[in-house]
Amino acid sequence: MPQMSMIEAIRDAMDVKMGQDDDVVVYGEDVGYFGGVFRCTHGLQKKYGKHRVFDSPINESGIVGTAIGMGAYGLRPCIEIQFADYIYPAYDQIVSEAARLRYRSNKDFTAPITIRTPCGGGIFGGQTHSQSPESLFTHVSGVKTVIPSNPYDAKGLLIASIEDNDPVIFFEPKRLYNGPFDGHHDRPASNWSKHPLGDVPEGHYTVPIGKASVFSEGKDVTILTYGTMVFVAEAAKKETGIDAEIIDLRTLMPLDVDTIVESVKKTGRCMVLHEATLTSGFGAELSAQVQERCFYHLEAPVVRVCGFDTPYPHAQEWDYFPGPARVGRELKAMMEAV
Amino acid sequence: AGSVRRPEIDCDAADMKELASTMVRVLNKDGEAVGPWAEGLDDDVLVQGLKNMIRVRAYDERMMTLQRQGKTSFYMKCTGEEAIAVGFRAAMQQGDMNFPTYRQQGLLLSTDYPVVDMICQILSNSRDPLKGRQLPIMYSSKEHGFFSISGNLGTQFIQAVGWAMASAIKGDTKIAAGWIGDGSTAETDFHAALVNASVYKPPVVLNIVNNQWAISSFRGIAGGDHATFAERALGYDFPALRVDGNDFLAVYAASKWAVERARRGFGPTLIEWVTYRVAPHSTSDDPSQYRPKEESSAWPLGDPILRLKNHLISRDLWSEERQTQTEAEYNDEIRAATKEAESYGVMGSGASPKDMFDDVYEVMPPHLREQRQKLGV
Amino acid sequence: KAKAPWKPGPSGAPRPEGEKPIASPAVRKRAMDAGVKLEYVYGTGPAGRITHEDLDDYISGNSAPAGGSSR
Amino acid sequence: MPQMSMIEAIRDAMDVKMGQDDDVVVYGEDVGYFGGVFRCTHGLQKKYGKHRVFDSPINESGIVGTAIGMGAYGLRPCIEIQFADYIYPAYDQIVSEAARLRYRSNKDFTAPITIRTPCGGGIFGGQTHSQSPESLFTHVSGVKTVIPSNPYDAKGLLIASIEDNDPVIFFEPKRLYNGPFDGHHDRPASNWSKHPLGDVPEGHYTVPIGKASVFSEGKDVTILTYGTMVFVAEAAKKETGIDAEIIDLRTLMPLDVDTIVESVKKTGRCMVLHEATLTSGFGAELSAQVQERCFYHLEAPVVRVCGFDTPYPHAQEWDYFPGPARVGRELKAMMEAV
Amino acid sequence: AGSVRRPEIDCDAADMKELASTMVRVLNKDGEAVGPWAEGLDDDVLVQGLKNMIRVRAYDERMMTLQRQGKTSFYMKCTGEEAIAVGFRAAMQQGDMNFPTYRQQGLLLSTDYPVVDMICQILSNSRDPLKGRQLPIMYSSKEHGFFSISGNLGTQFIQAVGWAMASAIKGDTKIAAGWIGDGSTAETDFHAALVNASVYKPPVVLNIVNNQWAISSFRGIAGGDHATFAERALGYDFPALRVDGNDFLAVYAASKWAVERARRGFGPTLIEWVTYRVAPHSTSDDPSQYRPKEESSAWPLGDPILRLKNHLISRDLWSEERQTQTEAEYNDEIRAATKEAESYGVMGSGASPKDMFDDVYEVMPPHLREQRQKLGV
C-alpha cells in the first residue's frame, strides 16, 4: 500500500474525486498554479486544467460565496481557506448562507461544498496562523465539522466530505501534515512514512462522517480528543502509564455519541482535550454531553485540558499548547479523584 | 431620452465608460420611444410586460390588505419598481437563474409560478412550499429561476457570480443575474462580486436597484450621492449601464443587451436601475419619520405602469378599456388565489413543528432525531 | 466494617457482577466521607443506581445481608 | 423614580454618557436621523449633532472597523448592529481585530468600543431576525459579552460597557424591549411601566460587568439563564411550584462563577436555560463549569433547555422557543431524578 | 516622466479622473526631475530619503541573515519597495497615524524608533516590546504613528478610515494613512474603506502598494490586469493617483499632495503605488515555483535606491563615496543593533509564559488568573 503524508493523502482524495466526477472543482488562494502554500493541491491544475483548479482573489467571502453559487448550479466545490485564522471574513457566507440554504428553501437549493482549511498551532505561526476555531462551526446548525488526525482518515474523510450533500468544514491540523506529533517539540520530528496510519489505499474509499474511532483502548479513563491532540494524548498515556482509552472523534458535528458514552460508562472518567481556547470551546459541549449521558457513571468530574483563554502567542507557543506534560499532570490528578 | 448610444454587444469595457454616468432612457416626455435603445423591441413583450406589471401591483395591494387584516405578519411592496424585475425577466430564458432581493417579486410573477403558492408562503400555512420556515416573501423556486432569498443583505450578489462561473466551467450558456439594493451595495459582498466578476468574467448580470432609499437612509449614505452606483464597475474592467428603471422600454432594452452579452461569452455587466421606492420599506416601517410625504407622492421618474400604458396606447397597442379590464382581471385572479391560499391557514397556522427538524441536513443526524422525539412531534 | 457484596433485588435492574457502581456524584461524596465503598452498596434506583436512601440503608444496616436472602 | 422601557433605558444610558464624555460617539444603520429601527437612539442626533450621532452605510464590517480606528484614536464608539443576525459580516473585525488589539500591541492600542445589537426571537422575525449568537463571542478571548434582562440593568450595564476599556458585545433581547415576557405569547403583553425593574434612576449609575444577580431565590434547583429566558424561568417556577433559584447571569464573559457555584452547591441541581441553539451554545460552557466546580454536590445531571439545533423557524417560532411549558416539564423531570 | 498634470489641492474628484489611469513619474530616463510634480521638492528630504532607503535595505538584509542563522523563524523583505514607505513618511507629520502592512518597515525606519526594539520584536526576546506575543515583523508603535500590524489582510484599511473620522469629529488636523497590497484589495474590507471614505470624506490617504504579486498570484487575480487599482476609486467620488512607486521623487510629491489635501479638509485620496516585489513573499516562500527568475532580476521599474542616487549625484547633492560610506554606516548600525538585540535572547528565548495571560483584558478576569495559577507562572 502506498505510504503518504497527510498532504499527499488530502491531495489524493481530491485527485480521486476529480477523476470520478466532473462536477468537482478546486480553488482558493494560491491553490491553482502554485498548488497551495502547503502544496495540498500541487499538480492538480496541470492534471485537470484551469477551469477546474484555479487561483482565487484574496477574498474569503468570495471563495465561499462563489462556491455556494456553484453548488446551487450543481457543482461540488472543494475550496481552500489558506489558514483557519482567515475564515472569519467568510463566516457570514458559511453561517447565514451555506448552512441555511437547504432548510430555508425546503431542499430546493443545497450547498454541497467542502471547505478545507489548515488549523492548529505548533509551527511557530503566531496568533494568526495557529487558531482552532472548530466550535464556532459546531454551533451552526446545517454545517458538518470534520477534523482528521492521520493520512488514512484524511483521505477517506475528505472523499466522504466531497460526496456529502451538506456543507462540510474540513479542518486539517497543519502540525500533522508531515508526520504524527506527540507534542514534544524539542524532539526530532517523525514522519508518516514510518507510521501505520500513513498506509493509504489507492483509489476510492471513504471514512464515514459522524463516526469516531477508538484510537487506543484503555479502561482507566476516556480521553475525548481530535486532530493534533490525539498523539499528544497517546504520549501522555505512555508517559504516565495510565490506561487511557483515547477516542479520536474525527467528526465533531454530527457527533458520535454512542462511542463516547460506551467508553465513559466503562471507564467512569473522562478528559476532554483540545488545542482551542477553553471557554466555549468544543470541549464544553463534550463535557456537557458526557455528564448528561453518563452522569451516574462518573467517578470524577469531566476535566477539560485546552488552550488558554488568550490569543495564541508566538514566543509562548509551547506554554500555550497543551502538551504531554500538562495532559499527564491532569491525567494523574483525575485518577486520584475518588 | 434617446441620447445615449448603444454599444456593440462585445464592446470593450474601456470603450463605453460614459454609460456608467449617463442614463439610458427610451421613452421621451411624450411617451414616444426614441434613440438607439428603442430599436428591435418586440411589441408583444411590451404588452405582456404591461400586463405583468399590473399583476405585480395587484398582488402587492392584495398582500398589504392581508397584512392589515392580521393574516400575515409582514409584507414588502415594490410599488414604482415593477418595470425592473418584469422587464429584466422578459430578457431571460428558461434555465437562467436570478439571485433576487425581497423586492423582486416581479421576477416570479412574470412566470407561471403558481401565485397560490406564493401567497401560501406569505401565510406560512400548510401548503407553504417552504414549510413555514422562512419569513413571508422569502420565496424560492429553482424551477422558475428564482434563488432562495436570504434575509442577509448582499450575500447573494457573489453567489450569482459563482453560479455563472459554474455555468461557464460546464460550457453551458445559462446566465445568472444578481440583484442588490442601493443601500446594500455598501455591503462587503458587493465588492466580492465585482472582484470575482472582474477576474473570471463569467456570464452574469449584476443588477443594482437604486430606489434612492435604504429604510431611512438616502442613497448618499451608500456613497451614491455624487458618484453613480454604475461607476463602481469602472475599476473592474467590465461594462456598466445606468438606466431609467421606470421606463419599461429602457429596462427591457438594457436587459436584453446585458443578457445577450453574457450569454455570448462577453462577460458580466453591472446595471444601475434608477428608480424610486414609493412604498414604505416594509409593513414594519413608517417613512413619514424620515422623508417628506411629498417626495413619494411626487413619484420621481413617474409611474412605470402609466408610462408604458401611455406609450402603448399612443401606438394603438393598448387602450384605456384594456387597461381597466386587465386590472380587474388580475384583481380577480389574485383575490381568488388569496381565498384559496387562506383556506390552507393564515399566520403560520398549519405549519407543523415536525417540519422544524427536517432538512437541516440531508439526513437527520441523531441529535436532531433525539430533540424531535423529546418534543414529541 | 466492610459488608458483603450486594445482590440484585427486585426494584432495580440487575447490575452485573464486577461492574462499577452507579451513583450521583453527591451520593459518591457522601459515601466517600462516610468511608463506605459503593461496590458493596445495593442500588434500588433506575438501572441499579445507588440512591441516598440506599446509602442510608447501608449505613444503618438495613440493606440486604451477605449471601443475600430477600429484603 | 422615572419608569422606563428597556428602549428608553438604553437610550438614556447613551444620553448620559454622551453628555458626560465628548469622546462617546453613536452610529449604525438608520441610527442617526431616524433614531434606529427600534428607536433606541431616537433624539440623540438632534441633541448631540451629526458629528456624534450618525447613519452608517449598510456595512457591518465597516461599522466595527471604523469604530476600532476611532477607538485607537481615543474615542469611545457605541455602535449598533441592527440585528445580531447581521453581525457576521463584522465577525472578522471583532475577532481578529477588536479582541486582539490590546494583547498583540502590548496595550499600545486598545479598542474601547461597545457593540449594541438586538438578539433573540419572539417577534415572529424568522431565521434572520431572531438569533442569539452569544456563544460565538464567549469563545473569543478579548471581548466581553453582556446581556441585560430589564431596564435597570440595561442602563447600568450599558454605561459600564461604554466606560469599559475593552470591547463589549452588548446583546439586547428585543422581546424584552417593551415589557417583561414570561414566554406565554398567547397572553396579553405586559409593560415595563408596571414592573419594579422598570424603575430606572436618572443620571449616571453602573451595574458592574462580570456580576450575576440572583433574580429569584430558591433552594430546590438552580436555573442559570439570561436575557428573555429569565422571565420564562420565573413563569415556570410559578407554574410548577418548584422552588428554583433563578440566576440572571447578565454578563457571560467574564462569568460570575462564584454566584453560580454558591447556588448550585446549595441546591444540588442545575438547569441551564437559553434561547440559542443547544450544541456549543453558552449552556455547554455553563454545564461544563458547573460539573467541574460543583461535581460532588450534584444530585442529578445538569440539564440544558435550549433552542433546537435548527435555524430559527418562522411559523414554528413558539415550538422552537423554550417556553414555560417545556421548562416546567424539564424542571419536574430533574426534580424526580435521584 | 513629467507628462501627468498636477491638479490643485482641492480639485474635484470628477475633474481629475484620468490620474487614476496614467502614471505620475518625476524622474526621466536620464535621472532628471521633470514635470509639474517635480516642483517644490525639498533637497534635504530627498537626501534624507536616500539615506533612509539605504537603512531599510541594510536592515532587511541583516534580518534575512538572522533568519538563515535560525535566530528568528520568519522575516519579510520589502526590497524594491523602499521608496514608497520612506517617501510617504517624509510627507507626514508627528501625530499622524499609519495603518501599515508587513511590508512597510520603511515607515518605522524613517523615524527615531529604536532599531534595537524592532529587532527584539523579531527575536521575540526578553526586550521584545510586544512581549513575544506577535509574529516577527508585526511591530506596533503609537508614538511613532505606526498602528499594530495585523496578520489578517485588509482589515486595517477600514480602521484607518475610522481613525481619520475620529480626527475629523474632534476637529483635529491629524491624518491617517491606510496601507494595503494589490492582492489584498480583493478583500472585502477594501470596499468597506472606500465606501466609508466616500460617505464621510475623512482625512485619510489610502495607499495600495501594487507590487504585482500576492504570494504566487499575479495582480490579475485581484482584477488588476486591465483596470488599474487606482481606478477602483472612480465610483466613490474621491480622487485617485497612480504613481511610479520606484521613483522616490514621484512618491514624495504625490504623498505631499494627498497628505496636504487630507489635512486641509478636502478629503481622502486613493493612491496606487506601482512597484515590484523583488524578494520572495517571505522567508517561507520560494518564488521560483511560480514566476520566472528573470522577472525579478530584471527589476521592473528599476531599483528605487539607484534611481534616486543617480538623480542626486547628477545634481551634485550626493556622490558614490557618500553612497559607499552611508551603506557602511547603516550596515554597522544595524549590525551593532542586532548584536545588542541578540544579547536579550533569540527565537523566543526570554519571552515569559506569564506575559501570555496579561493584556487580554485591561484587568485580568478571574478565569485567566485561575488558568495562570494552574500553569504555575
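Going in written order, the chains are labelled A, B, C, D and E, and every chain counts its residues from 1.
Here is the rule we go by: contacts are C-beta pairs under 8 Å (C-beta built on N, C-alpha and C of every residue); 3 or more make two chains touch, one makes a residue touch a chain.
Since the model is a prediction, treat every value here as computed from it, not as a measurement.
Visitor: What is the set of chains touching both chain C and chain E?
Guide: Looking at chain E and chain C together, the chains touching each of them are A, D.
Visitor: Please tell me the distance, in whole Å, between the geometric centres of chain D and chain E computed from their C-alpha atoms.
Guide: 41
Visitor: Find the geometric centre of each of chain B and chain C from their Cα atoms only, then give the gap between the two centres in Å, rounded to an integer.
Guide: Here the centre of chain C sits 71 Å away from the centre of chain B.
Visitor: Distance from the CA centroid of chain A to that of chain E, rounded to the nearest Å?
Guide: Here the centre of chain E sits 36 Å away from the centre of chain A.
Visitor: Give the residues of chain D touching no fewer than two other chains, as numbers and ranges.
Guide: Those would be 56-57, 59, 61-62, 85, 88-89, 92, 96, 100, 103-104, 127-128, 141-142, 253, 279, 295, 298, 300, 309-311.
Visitor: Residues of chain E that touch two or more other chains: which are they?
Guide: 131, 133-134, 138, 150-152, 186, 188-189, 191-192, 195, 199, 221-223, 360, 367
Visitor: Scan chain C for residues touching two or more other chains and write them down.
Guide: Answer for chain C, listing residues that touch two or more other chains: 24-25, 28, 49.
Visitor: Going by the touch definition at the top, which pairs of chains touch each other?
Guide: The list of touching pairs comes to A-B, A-C, A-D, A-E, B-D, B-E, C-D, D-E.
Visitor: Touching chain B in the complex: which residues of chain D?
Guide: Interface residues on chain D, with respect to chain B: 29-30, 33-35, 37, 55-62, 85-86, 88-89, 124-129, 278-279, 308-311, 313-317, 319-320, 326.
Visitor: Considering the complex alone, what residue numbers of chain D touch chain A?
Guide: So the residues of chain D in touch with chain A come to 85, 88-89, 91-92, 95-96, 99-100, 103-104, 127-128, 135-136, 138-142, 253, 276-277, 279-285, 287-288, 291-292, 295, 298, 300-304, 309-311.
Visitor: Which residues of chain E touch chain A in their complex?
Guide: 73-74, 124, 128, 131-136, 138, 150-154, 183-184, 186-189, 214-217, 221-223, 284, 289-290, 348, 351-353, 355-357, 360, 367-368, 371, 375, 377
Visitor: Which residues of chain E touch chain D in the complex?
Guide: Those residues of chain E that touch chain D are 97, 99, 129-131, 133-134, 138, 140-142, 147-148, 150-152, 155-156, 158-170, 176, 188-189, 191-193, 195-196, 199, 359-362, 365-367.
Visitor: Spell out the part of chain C that touches chain D in their complex, as residue ranges.
Guide: Touch residues, chain C against chain D: 24-26, 28-29, 45, 49, 51-52.
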